[in-house]
């Protein structure tokens, strides 16, 4: 079977397990206050090149809850694209903390400054919530990628309006691979972002990079309260230490991206144009019949709420053979 | 000045104060457990003609919070038109209880069964919230009115899908005046509704009519928790007793509606077509210059977020002179 | 019947209704942005003698919710005496906003600085909530009253620890009558307090006096969100205007206090020692038999959860005859 | 160094990693809907011997949030011992969902039926929250263990009062080792419980065992909303599969318990009486001087808020040498 199901269907990079083996009999402190996590922090800070706090979080939804709502007053709200992960994939998790998510419809999953400005201008005093934080995901849920200039423009607008900018980086590795934007450039252009491990080779877990001083103090208390601070947080620490000590994180994402380019080219060659195939998530319109046929030898997700849309995800383990296999299968249909 | 500002700019019907005067020196129990409130309940039940619990609530936003969220589990959500009062006029009050409001765009502020069905079908398991309650307002925020058949269809759909239907009746008196629908017919076709007093002659306050048994038990505990149970709840009780003992509630709304018809006719005669002028809220496009001029002799709200839209509200005290005055003023512009 | 049920069993001072009568046909703006409310604010500010924001709130529970939780971060908490109104009389209303109420057991319903300090010292980092606001009620729920020095000491401690001090003043009029403390002295020694109207002659409603700048901005948005901003807020405004234009507020409370002194003396004379009878709430141990007998000619609340404790409340309308009647009745038992 | 810091200072049982190695190159489904997790479920069900749903949760705080609040209405509350983990070790996590935790003071961290009954009887209608769920932890936070009869009595009381009983089983393995109670007996006597993995050899994670039908439907939606459903949930699945396929879970806990008995005996022999040393957490009073000296060769937690209390935790890897080392060290002091 060629497996394009998602980018977290594996146990993570073998190198992490090898590192665990080396210190298997040692004892470690809990809750992210351990020397492994500290080493991971140091490695990350070298590339971030900006003063920051770094915490390790159990998963992406938890990371989004924490980052979007940590410093909001009760009447403050989050702004997101209609397709944002926090609006349709996390079961109302932000609202569950008491805060509204105000959405903007987009063509491509990316927020644009002019649309944000228009929305801010349309809000009324007192009877509307106050937008306080802008949420963008990079890569987006439809597989598109922000350019550095696009992020900069949104961050400028955020600062002008005294808003925070949070980047959901569950797949930021793939966004960097696709756009060439560096980690330090991401860090220069937002207040807080998550750096996804789960979807790029970690055993599991995300790093939260907190840049704006307003968002630092007592962030760990909020982590604890929301059940996102792991007793064995060193497991996330050792994942990030391994991923960042010699560039494994980037190699993983570069491979996934390269495979996605081969996939996109292959699809185009057989006359199939992907919808927004800019990163390691490639979406393509299909039909129930084709899906049935393809499913015999391929694994993928289908969004058949409105149309039959296939999602193909490449990751650090995807092989050219799998891609060829899929393209061949599609040709036959 | 001709005053079309809103329908709650007054102290309420004089008859209520006369009734207060009669028992001014008596003492009463608190929290709605008094004989005045009980008499009001009896009068209401005669017209509702269906087994129900009735509680008196301090105001409309509080009523909406209570009714929409009382019986929801954490992952359940409210469905509303994009224009719904709970989405843009109550500062994220539903989300503040932890529940998402999912919205549908409409032309006229009214939810339609087919659109609701489409939305329900598009929700995914586990990662999307579960819609559990449909919120409609009648009259709507744009001044439109549901027909009895329209409400019936929505209620059918709600029952088929195991959802609750709540009708925000802040202006239900005016809706009944416009549509001819009776209180008992409203009560037959929803699970819970508010019966607005504030906007139709009460000193202040709303009655909550709870029809579905699921929503009755311990509703008062929730009222108390949310600060919506008034110590001197008998003030609301005496308002509703007065309004319902000989039809004052209906006379108030009929007058407001009649005045709104005269206003709409007057506007049409001078070539100005109201947007959705179906009830006692009449909206009309204007211009900054016209608004400035009109404001010299008239009081009204302006929504100038996008366009210069004037809102003219008639109530039980509006006079034909005020309307003539306004029309004359507009003619001059 | 002699009625000691509570201090909100009436329609409020007649003077307020007389003032309403004078402007009955006028129109007013909603939501506390009206000239009546502004006049009330000016009258209050004259006595508060400190820069402040003043908002009018529908009731005491709503006032407590708003004041205790407005500016808290998710992991921050409220400190209260175990007997505090927010812990046992408001159905978990503070917790419903997401914040823990940490309690201290007291003998007399009053928080003491040393006990507060002890509790603050016992809290652990990260795994415990962070106390951010101290809640005291004055008069307390057991009828005791803080001296000015006691309040000052708590406020000093609050400032040293970067905490807010909120005084729940539902019965602050009676506390001032009992202790001789002035409104300006209250205002000098806390960050925010409520000034109760409901229990001292207003038609209904409370004033919120916001002194600390941190708590001012967008307080109205929170009021709106929690359903505590009344459309006809001018009803509260006109109550406070009347109560404060020539000292009616103080006369009301002085009368209630004087009556409570006569009651306490009368009880002592017949050998019955009240529990904490320092203000207009007098508690006295009784027995089921006595209660049954007394109830024939007197109205009062009984707390019979553990013991048969009678609560006798005097207010601005209580007469000496009622007190004599009660004492006579008790003598007979 | 002899390490008694906690029971989650390690990477987990080697056997789990060996199992991972065997299927390292395979792909797996996410979110607990995978065949590994299903095998773990089957193994657990064999021992639980009662119809149940089983979900895998990222950590203990998350598990407690989910289980205590899943099915509560807004005005409902949780009952816990004052020492309960949810009251002082989870940063107000239950209150953050909107629900009050009502506490009972205990001598030994264990709730007693008579005390629960007394508290239930003391609650007032409407103004108090309604207790709906009883939370007990086993082992408790002070290291005590419930007998089967004690649990049965509480469950009987819960059922009589229409309450749920949740057992926080973060250290239930150690409780079973200490008391001889079986998993099926736990399952017979509560509505829901967590089965801790983190503190007994799992890589990380807890199993939630849902027995009462009321608590089953859509539990996964709540997991997702609270960020507690892991993308790579199969990591928890493989831990539980390994732990339960041939009794490793019990062997782990039996060893920890045996070591704790040796520790307790050793302490007694040198004249030091532990506070509640019933399970693998042993608490003992010390002094700042002794703690400083002991810390040279031993690692442990100190609670020095009030007194210098040392916590010594044994786990599945603790050796007799470590215990001897500690006892020797203490003798010298």
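Think of it as A, B, C and D in the order they're written, each chain with its own count starting at 1.
FYI, contacts are C-beta pairs under 8 Å (C-beta built on N, C-alpha and C of every residue); 3 or more make two chains touch, one makes a residue touch a chain.
Here the structure is a predicted model, which means the values were calculated and not measured.
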item: Candidate from B-D, A-C or A-D with the same interface as B-C, over half of contact pairs in common; value: A-D
item: More contacts between chains, A-B or A-D; value: A-D
item: Centre distance in Å when chain A and chain C are each reduced to the mean of their C-alpha atoms; value: 50
item: Euclidean distance of C-alpha centroids - chain A vs chain B, Å; value: 43
item: Chain centre separation (chain A, chain D; CA means) in Å; value: 32
item: Shared-contact residues (touching 2 or more other chains) in chain D; value: 74-75, 90-92, 96-98, 126-127, 129, 221-222, 224-225
item: Interfacial residue positions of chain A with respect to chain C in the complex; value: 31, 69-71, 73-75, 97-98, 125-127, 129-130, 218, 220-222, 224-225
item: Chain D residues touching chain A - in the complex, by the definition given at the top; value: 3, 5-6, 8-12, 14, 17, 20-21, 24, 27-30, 58-65, 90-93, 96-97, 198-199, 203-204, 221-222, 224-232, 235, 299
item: Chain C partner contacts - residues on chain D that touch it in the complex; value: 74-75, 77, 88-92, 95-101, 121-122, 124, 126-129, 305-306
